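Two complexes come next, and they have one chain in common, chain A, joined by chain B in the first and chain C in the second.
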Partner chain A sequence: MALLDVDDLRVTFRTPRGELQAVKGVSFQVEPGRCLGIVGESGSGKSQTMLGLLGLLPENGVVSGSALFEGQELIGMPRRTLDRLRGDRISLVFQDSITGLTPHMRIGDQLAEMLQVHRGLKRKDALDNARSMLDVVRISEPERRLRQYPHELSGGMRQRVMIAMALLCKPLLLIADEPTTALDVTVQATIIQQFAKLKQHAQTAIILITHDLGVVAGVCDEVAVMYSGRIVEHGPAADLFAAPAHPYTRGLLACTPRIDRPMDGPLPTIPGTPPPISQSFSGCAFAPRCAHADDACATTRPHVRRQGTLSAACLKVPL
Partner chain B sequence: MTAPLLSVEGLHVRFQIGAGMFAKGRTLRAVSDVSLTMDGGECLGIVGESGCGKSTLARAILGFVKPAQGRVLWRGRDVGELDAAGLREFRRSVQPVFQNPLGSLNPRMTVGDIIAEPLETLRPDIAPARRRPLAIDWLEKLGLTADMADRYPSEFSGGQAQRIAIARAMIAEPDLLICDEAVSALDVSVKAQIVNLLIDLQRETGISILFISHDLAIVRQIATHVMVMYLGCLMEDAPAPALFGRQYHPYTQALLSAVPVPDPDIEQTRRHLLLKDDVPSPLDPPSGCVFRTRCPVAKPNCILDVPAVTEADDARRVACHYSGIRLEEVG
Partner chain C sequence: MGGYILKRLSIGIPTLLIIVTASFFLMRAAPGGPFDAEVDLDPLVRANLEASYGLDQPIGTQYLRFLDGLTHFDFGPSTTYPDRSVGELIADGLPVTLKLGLTAMLLATIIGLLAGVIAARNRNGVLDGAIMMLASVGIAVPNFVVAPILTLLFGITLQLLPVAGWGDGSLRYWLLPVVALALPQIAAIARITRSSMLETLSADYVRTARAKGMPERRVLWRHVMRSAFLPVMSYLGPVAANVVTGSVIVEQIFSLPGIGRFFVQGAINRDYGLVMGIVILYATVLILLNLLVDIAYGWLDPRARVK
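And now, the complex of A and B:
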């Protein structure tokens, strides 16, 4: 049984201008010790998928479908049960680390509190644990950091504190939404390395949401590519990067410059822009930008086709 | 010999932070002793992490901040000493493009008016009746359509808005475009379009570009010359193929090594050169070499002596006591 089994998840927002479908039926599984990358551009629904299954949508958001965590249904779970699950067995790391930390509490108190509340540890033991966790995430002078306030740390350091906090309770599942996007590239490299260690040594399952294919390549075993609220391609990272099946994934990889390869003329591009959430399509959402699209693509919703280990929602697969 | 298009000589920019009636305040050294020259048709990429001073350098060149020391020369003339006519000509010649296109376009003006507006002050020689047709010309040159001239910025996507911002920058026919993280906020699929557009513009008009970005893979696509900055200081500077081919400064090596490659087979097996901690605060930069607190090969003299900028044979400048040392060899 998968640790997390998401089936036909949908997220809809009620707005004065009508209903907006941000996530239009997404399914995936995550196994212990594995990392799933969810890749997409703005408006693809990658963040809303996670907020939806964790009960963190704003007031006007409605989630439907199923998300089984260790066999327990998360969708519709009472708020208090869900709150206890988050932070204990499921941890979250967001892009913006400053909002995740309480400004008037010392780092040490915030970290220790996690263990006192969720694990019932004594304060002294909790602080000892917190200190060694700061070491794990490569923060220098952990003793001094425990006594500091969030504003006294740099952005990279705060993000590492957030990750330390996420790991303290040894979660079964870590969900990280653009965890390195606001960080410098040298700091990003160390954080991605920590994620890789975490899944190997602690068997933590990780869902990494990002727009950066390089970050995905660094740590993910599996990748789901989202476009306009749907997963358009899904499969093992090695195969998806080596020979993507969906025209969108192909385009995305082609237009990402690689620093390790000789340059070969101008960068390939995908014409147009990702559609806004408000736009709905009767056929394939990518068809207006796709070089392979024909009349059928514009009118028929593409079903999932297999190409080796990959599954792609495209009428033209295999290309 | 004619003067270079742009030269910056020993530029220092400092900011006073927290100074008040009772507080002495502290000095933030945003740019320390940076020199560079740019010739026509060149694209100089400036790379570095947050707080390295790359944006402040651009703002100092544009005249938005006053240097504490040093000079900016435009075609050999000190920009700080230009008269009104000279300054107007400089303003026409050097145009900025910023990161957030929707934030830099007036939401209450139509796109046509936004693009034509610079002509009013910068090109009084162009008759008012000619402004709108010119704006529409540029709209079309940048891959948009004439009918968009009557619409408002909020109706456009990020990529389209950045095209509008570039059209506005180009209409007065400048000689230098200063792009400060101009593609950083765009989606991956749109970023490549805008980079190619800038390369085409450069080929067609011969314009020079100062391209500031933290994204090294993108800089490699467009830049002919690359300068690496760290905490306000120049670390290394070379023609792009030389810099991406071999790095003499330990920081440049670590920076390039940290750039992830979109290939799991390579990315999950290769060795990364990982740096300790984060960039120190520019309010309290390390003594000696500013990089030494994170440098894997720093030695005692790096604490004491600021490394001089030295020139190597391939038109390269390096500021390191141990220029050319390989980080892998240290382990």
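And now, the complex of A and C:
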């Protein structure tokens, strides 16, 4: 049984201008010790999927579908039960770590309270644990950091504090939303190594949300590509990078600068922009930007087709 | 920290001087004088009186004399109460005003916070609607309307509480004045608390706290309340100013023996010494309270701490 089994997850926002569907039926599984990368442009619904999963949507957000964690249904789970899972067995690293720490609490207290609440540790023991976790994420002078406030730390350091926080209770599932975007490349590499180690030694399952394909290639076993609230392509990372099936994935990969290939001319881009989430499609949401699209793409919802180990929601697959 | 307080206090002195100077000349610019009663005084008597209070001197000299008195906390004599000094009058009235003002501020802060938190927690619910409607009314209706209504209701119709006076200074005498003074402030604080709570609740770090599996009660107390209280804290300065001005009116309506009543009488009778003494007292209290608010702000928000 998969550690996390998400089936047809949908996230809708009720707004004064009507309902907006941010996530339109997403399904995936994560196994212990495996890493799933979720890739997509901003607004594709990656983050909303994870927030919906953990009951962290803003008040006007509604989530439906199913998400089984160790067989327990997360969607609609009462707050108290959810609180026992969140931070302890499932932890989350947020994208906006700069504002993600409570400004009036010391770093040490923000870390320690997790162990105090989830493990019933005494404050002193919790702080000891917190200090060694700061070491793990390569924060200098951990003893001093524990007594500092978030505003006294640099952005990169705050991000690492967030990562330390997420690792503190040794979660079974780690969901990381752009965890390394704010970090410089060397620290980024350390963190990615850390994730790889967790996966290998602690059998932690990881969901890595990012737009950085380099990071995905480094640590993910599987990749799901999201576009306009849906997963458009899904498969083993190696195969997906070697020979992507979906035109959108191909476009994304073409847009990534590579060090092993000569750069001639400007970096290619995918023409156009993703559709606003308020726009509904009877056909493929990518069709307006797709070089391969024809009349059928504009009217028929693409069903999932297989191409080797990959599955892609595109009428034109295999291309 | 000590240096900061000292610096702030030394900034307070020129502020005070400006207030004193402005009030001094404004008072003198007002038509009439302390001895313009309805009966016309004999010119000789008036000249004697004015000479005895130093009012026959040029205004510049009077001003310098007054400042000189201030340096040893002497506000001069009162022309309304010839046998008593301004200092004595203030010392008499201060306990009443202080009790009234501090209780009103405390009441306003506690009830305002409570109402604001309840409203925010029930956002757009019935309770929220009710509290915010009352708060709007509370802000719109001034003290001098609230006070007579309270008197009418509890003093005359229900006969529960005395309509005026200080009596023995027990609760039944100061309850209505305190409520009249606090109501508009409760309303304002409730509104500020509500909006600041709502803003804080949608902050990223509150989402982090929830993602960490912190129970809602802990999220509220440890992660939300302190930040949410900051705007309320900054508003306590203006609250103090409103309570001071409000107490002048409320003391008059309930005929309480506080300094607010002396202030009104002093202004009507052109009792220069009395008015100036009270102005200086009010200004000092407000300057100190604002300093206190700023110090407390730094304590609540580490980002605002002075190095």
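Observations on the structure shown:
By definition in this document, the second predicted complex is superposed on the first by the 313 of 319 C-alpha atoms of A that agree within 3 Å, B and C clash if a C-alpha of one lies under 4 Å from a C-alpha of the other, contacts with A are read in each partner's own complex, and residues count from 1 in each chain.
Methods note: contacts are C-beta pairs under 8 Å (C-beta built on N, C-alpha and C of every residue); 3 or more make two chains touch, one makes a residue touch a chain.
Being a predicted model, the structure only gives us computed values, none of them experimental.
When the shared chain is aligned, no partner comes close enough to touch A:38: not chain B, not chain C.
Of the two partner chains placed around the shared chain by superposition, neither chain B nor chain C is touched by A:317. Of the two partner chains placed by the overlay, neither chain B nor chain C lies in contact with A:20.
Which of chain B and chain C touches more residues of chain A: that partner is B.
With both structures placed on the common chain, the touch criterion links A:284 to neither chain B nor chain C.
Residue contacts after overlaying the shared chain place A:126 against neither chain B nor chain C. Of the two partner chains, neither chain B nor chain C is touched by A:112. Of the two partner chains placed around the shared chain by superposition, neither chain B nor chain C is touched by A:205. Within chain A, no residue touches chain B in one complex and chain C in the other. Partner chain C is touched in their complex by these residues of chain A: 54, 56, 58-59, 79-80, 82-88, 91-92, 94, 96, 99-105, 113-114, 117-118, 149, 151, 162, 165.
Interface residues of chain B facing chain A in the complex, by the touch rule stated above, are 49-50, 157-160, 187-193, 195-196, 199, 214, 216-218, 220-221, 244, 254-268, 272, 274-279, 281, 294. If you check the complex, the residues on chain A that touch chain B are 41-42, 138-140, 154-157, 184-190, 192-193, 196, 211-220, 237-238, 241-242, 251-253, 255-260, 263, 266-271, 273-274, 276, 289.
Within the complex formed with chain A, the chain C residues making contact are 123, 202-216, 218, 222-223, 226-227, 300-303.
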